[in-house]
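Two complexes follow with subunit A in common, the first pairing it with subunit B and the second with subunit C.
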Partner chain A sequence: MFKQVLVAQWQTSKLAVGLLTLLSFCIPLLAVLYGGDLAGAGRERVGDWLVAADRVAQLLPFIALLVGLLLGTLAWSADLAGRHVYALSLPLPRGLYVSMRFGAGALFATIPGAAMGLSSGIATLAVALPPGIHAYPLELALRFWLASLTVFAIIFAIAGASRRGQVITISVIGAAVTLDVVFLLFGVDYSVTAEALLLLTNWPGPLSLLTGRWALFDV
Partner chain B sequence: MIAHAIETHDMCYRPGPGFELRDVSLKVRQGAIYGFLGPNGAGKTTTIQLLLGLLRPQGGSISVLGRQVPRELPRILGATGYIPERPHLYPFLTVAQAIRFHGAFYRGFDWAYAEELRRGFDLRGEAKLARLSKGEMGKLHVLLVLAQRPELLVLDEPTDGLDPVVRRDVLSALLDFCSQGAATVFISSHLVHELERICDWIGVLDRGRLVAELPMHAFKNGIKRIRLDHPPSLIGDTPFLLVSRQQSALDQVWVVRGWQPTMVQWFQGAGAEVKEIVDLDLEEGFVELLRGARTPTS
Partner chain C sequence: MLALAALLVVCAAPVRGQSPEETDRRERRLLARAESLQAQEAVRADARQSAYWSRFRPRVIQSRGATLVVGEAVSAASAQQALDSGLTLLRTFGAVPERFAGRLVLYGMVDTRRDTLSRLGIGSRRLLRVDVSQTGPDSAQSWSVGADAIARALANEYRDSLDVDWRHWLPYGYAVPHWTRSSTWGAFQELTRTPLSVAGRCVAGETAGCRLWLAIDRDAEPFAERFTGADLRNRLRGRSWWSDAAGASEVGHACIEGVDAACIAFFRAQGFSDISAPETSRRGLLRLFRSLYGADAVERAVADTTGSIAQRLARAAGVNEDSLVMRWRYWTLTRGGQPRDRSTAADAAPGLVLAVVLLALVVRGRRS
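For the complex of A and B:
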C-alpha cells in the first residue's frame, strides 16, 4: 500500500522535489564560488569571504521553508481535488492513510536535504580553509532537513485538516490580525501577531530552526 | 447470513439550512438489486455518503453488511465497491497505475479479472486518466469496483452522462457480475427506465425523506391511474393508497398504489363509475409518487 501511495504522491511532487533539490545543491557551492585557496590569505580577505559565504547560506532557511510549504501542500493536492472522497472510501483506518501520506512527503523532503548535505561536503572539500575556520556540512544539512520537516509537518496538518479545522485556523489568524488593528487604532503598543511569531520562531518554538545564523563555515 | 445488506434506522443529517435528511429507514435485502430513485437534490448522494461513513449522521443508526457504521468502517469498505457521483480517481495516474493503486488496498482484488475487464473495455494501460473520455472513465470505475469482488456494490449515478453504448457496456458488466455471485447492488439514479430493467427492489427519496420502499413488481403492478365519474367527495378508509387526485373538465383522475382488480367494487359502493384503469410505467409511477408525496391528499 505504502509503495502505491509513494508512487502516486511522487507524480504530484516530482517537479517540486527536482527544482528544490537543484536549488539546495547549488547554494552551498555558490557560497564557496569565489573562495579558492584561503590557506595563506590575510585576515581581511578571510573575513570578507566568510561574510559573502554567510550571505549565500542565508538563502537556505528560505529553501527549507519552500520545501516544507510545497511538499506539505502537494501531499494532499490529489485528495483535495477529489474532496477526499477516494481516500475516505479506501478500506483502511484513516490514521494509517494519513501516516502513509505523511511518510511519503517526509521521504521526499529528505531528497533536497541530502542534496544540500552532499554539496556542502563538496564545497568543504573545494576550499582550503585557513587555521581556526571550520566547516559544518553535516550539521548544516541536518538543520536544513529538520527545518524542512518541521514546516512540512505544519503545512501537512493544515492542508489535510477538515474544512472546519481550516476555518478555525483561518479564524484564529484573522482574529489576531483584527486585534492588532484595534490595538493600533487605540494606540496600544502590543501586537498579537508579532508575539505569536516570536513564540513560534524563538526556541523552543517549532520554527526556531529557521531563524538565526545558517553558516557552513565558522570559527 | 445477514438478512439485510444495508439497514438504517431514523437516519438524520442536516448539513445546513435548506436541506435535511429526515428519519430515513432503509432496508436493502441481501442479494437484491436495489434502485435508489429520487429527483436531483433529493439527498441520494448524501445518503450514500452517510452509508459509507464519508459523512457522520446526526441521528439514527446505520448498519452495512451486518456491521455498524462508523465503528467497523474499514471492514465494511473492504467488502464494498463504491462508484461516486463524480470521478474521484487521481487524474495524473495511468490506467495501469490506477489499477495497481486501487488493488493494493483490497485483499481480495482479482488482478486477472481486472486485466480481463480492461481488455474487454478497451482501455489502454498507459493512457493517462486526465485524457480519458467520460465513458472510458466510467468503465474504469466499474472495472476497479468489480475486480474488488465486493459483497456490496454502491453505485451513485454510475451511468450519468454516458452514451447509450457505454451505458449498455457498463450495465452488462454489472449484471454479469451480479449473476456470478450473491452481491447486493445499491444503485442510485434519476434515470428511471434504466433502473426498471435491472432492479428488483426500489426506494424513492424526495426532499430528504424516504417516500416509498417496495419490490419492483409491486411498484410496477400496483400503481394505476383511474379515471372516474361521480367520484366520492369524502374519502374514508380505502383498500388502496391514494397517491394523488386531480380534477379535469370531464372527470376526476386518481393515482393509487396497491391496486387489486376487486377494488373496483369499492368505487361502485361509493357511487362512482370507473371509466378507465391505466397501468403506469415506472417513470409515470415515480412522477405520480413524488407529486403525491409533495401534495398530501385529504
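For the complex of A and C:
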C-alpha cells in the first residue's frame, strides 16, 4: 500500500524534488569555485575564501526551508484537489494513511539531503585546506536533512490538520500580526511576531536548527 | 572803486553758520549724538556679552551619585538623559564600577573664569571634562552632551586609574558599546590581513599564536616573542618616519640590513608599542568576554591586578585561558559566529519533538 501512496505522491512532487535536488547539489560546490588550493595560500586569500564560503552557507537554510515547505504542501495537494475521495475510498484507517503520506514526503526530503551530502563530499575532496580550517560535509548534510524534515513535518501537520486546526493556526498568526499593528499605532516598541520568531529560532526553539552555523568549511 | 570796496566787505564777512558759536553748537550736537550712540552700542555689547556668558552659567545634574555640570545652553532634560544613559551604558558593559563615577565631577561648556566650578561645592572630587557638541544651523544652534561622550570620558579616566598591565593593554574607549558589523569585520581583517607571523599562527589554529597576537601574557621579551625580525623590518618599511629614524641610527640601520636583534633593540628604544593586535582585536576580545560571561565578569576582571591579562580574564569568568582564546579566534574568524557547542542532533531535537507532536495531532484528528 505504501508503494501506491509513494507513487501517487511522486507524481505531484517530482518536479519540486528534482529542482530542489539540483539546487542542493550545486550550492555546496559554489564554495569551491572561489579556489581549491588553499594549503599554501596566503592568509589574506584564506580570509577571503572563508568569507565566500560563509556567504554560500547562508543560502543553505533557505533551501532546507524551501524543501520542507514545498514537500509539506505537495504531500496533501492531490487529496485537496480530489476532495479526499481517494483517501476515503482506501480501506485504511486515517492514522495509517497520514503516516504513509508523511513517510513518502520524508523519503522525498531525503533526496535533496543526499544530494547535498554527495556534493559536500566532492567539494571537500576538491579542496586542499590550510591548517586551522576544517570541512564538515557529513554534519552539513545531516543538518540540512534534519532541518528540511522538521520544516516538512510542521507544514505537513498544518496542511493536513482539520479545518478547525487550520482556523486556529491562522487565527493565532492573524492575532499576532494584528497585535503588532495595534502596538505600532500606539507607539509601543514591542513586536509579538518578532518575539515569537526569536523564540522559535533560538535554541531550544524548534527552528533553531535553521539559524546555527551552516558552513561546509569552518574554523 | 565803490564796487570793489563792496566786494571786499562781502568777502571778508563771515558766512552764516560758520561763526565760532555756530561751529561749537554743531560739534557739541554731533558729539552728543556720537556719545549717545556709543552708549547704546555699549549697552548692546554688554547684553550680547551677558547673553553669551549666560550659556555657560553652570547647571548641576546628578544621577546615581554622579555629577555633571554643564552650561545653561544645554537643556537640563537632555543633560539628565545623557548622564543617565551614559551611566547605564557603562553599567551594562561592566567596565567601570558605579562608585567610580561618584568620585568625579564631569563638566562641559561651563564658564570657568571666576572659579565657578569650585564654588559649586564639589569638595575633593576631581574634575573631568566632557565634550559638548553643537548641533543645528547657526540660526538655531543647540548644544548637547551625548551619553557616549560621558561613558567614554568616564571609561578613559577609569582606564588611566588602573594598574600598568591594564593601562598598557586596554584601548581607549574600550567600554563604549559601539560594536557594529563593521567592527566585527575590522577585527577579522586585522587578523587575516596583517603580515605579522603570530597572526598567521593564530589563524592556523595555534593557541600560542593567538595569545601572542592578543598580547595577553606577561611575556619576558615582548618584542622578541611577538614579532620576528621580518615583521619589524616590514613595519619600518611601511612608515617613512620610522624608516628615516632607523636610517639615522646605527641600530636601526643594522635592522634594515637584516640583523633581527638590532630590530628588537631599535623598536624597544623608540618606545614602539609591543602589542601585536591593533585596538579592534582587543576590543573584540572584551566584547566577546562581556557577551559570554556578563558585565559582572568584566568588572571583576578589570578590577583584578594579579597576573597577566589572560589570567585575570580567565579568573573572572571561571574558564580556562586557552578555551577563552580559542573561542575568541572562532568568533573573530567567523565574524561573530558561535562555536558548534551542541551536536546537530541536539540542535534538531526540539524541532523533531514538535514535529512528532503535531503529527500525532494530525493522525488523531478528523477532517471536517
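In this section, the second predicted complex is superposed on the first by the 218 of 219 C-alpha atoms of A that agree within 3 Å, B and C clash if a C-alpha of one lies under 4 Å from a C-alpha of the other, contacts with A are read in each partner's own complex, and residues count from 1 in each chain.
Just so we're on the same page, contacts are C-beta pairs under 8 Å (C-beta built on N, C-alpha and C of every residue); 3 or more make two chains touch, one makes a residue touch a chain.
Keep in mind that what you see is a predicted model, and the values were worked out from it rather than measured.
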Q) If subunit A is used to align the two complexes, do subunit B and subunit C fit next to each other or clash? A) fit
(Q) A:Gln4 in the overlay: touching subunit B, subunit C, both, or neither? Say first, second, both or neither. (A) first
Q: After the superposition, just quote the angle formed at subunit A by subunit B and subunit C, using C-alpha centres and rounding to the nearest 10°.
A: 140
Q: Please work out whether A:Asp54 is in contact with subunit B alone, subunit C alone, both, or neither, and reply first, second, both or neither.
A: second
(Q) For A:Leu197, using the defined touch cut-off, is the partner it touches subunit B, subunit C, both, or neither? Pick first, second, both or neither. (A) neither
Q) Of the two partner chains, subunit B (first) and subunit C (second), which one does A:Ala78 touch, if any: first, second, both, or neither? A) first
Q: Answer with first, second, both or neither: which of subunit B and subunit C does A:Pro91 touch in the superposed model?
A: first
Q. Which partner does A:Leu129 reach: the first (subunit B), the second (subunit C), both, or neither?
A. neither
Q: Would you check which partner chain A:Thr12 touches, where first means subunit B only, second means subunit C only, and both and neither mean what they say?
A: first
Q. When both complexes are superposed, which of subunit B and subunit C contacts more residues belonging to subunit A?
A. C
**Q.** subunit B and subunit C, minimum CA distance [Å, superposed model]
**A.** 7
**Q.** Interface residues of subunit A shared between complexes with subunit B and subunit C
**A.** none
**Q.** Interfacial residue positions of subunit C with respect to subunit A in the complex
**A.** 188-189, 191-193, 199-200, 203-206, 329-330, 333-335, 337-338, 340, 342, 344-345, 347-356, 358-359, 361-368
Q | Contact set on subunit B toward subunit A in their complex | A | 52-54, 74-80, 82, 84, 86-93, 97, 100-101, 104-106
**Q.** In the complex, subunit A residues that touch subunit B
**A.** 1, 3-4, 7-8, 11-12, 78, 81-83, 85-86, 88-93
**Q.** subunit C-touching residues of subunit A, taken from the complex the two chains share
**A.** 43-44, 46-47, 50-51, 54, 84, 94-95, 98-99, 102, 130-132, 139, 142-143, 146-147, 149-150, 153-154, 156-158, 160-165, 203-209, 212-213, 215, 218-219
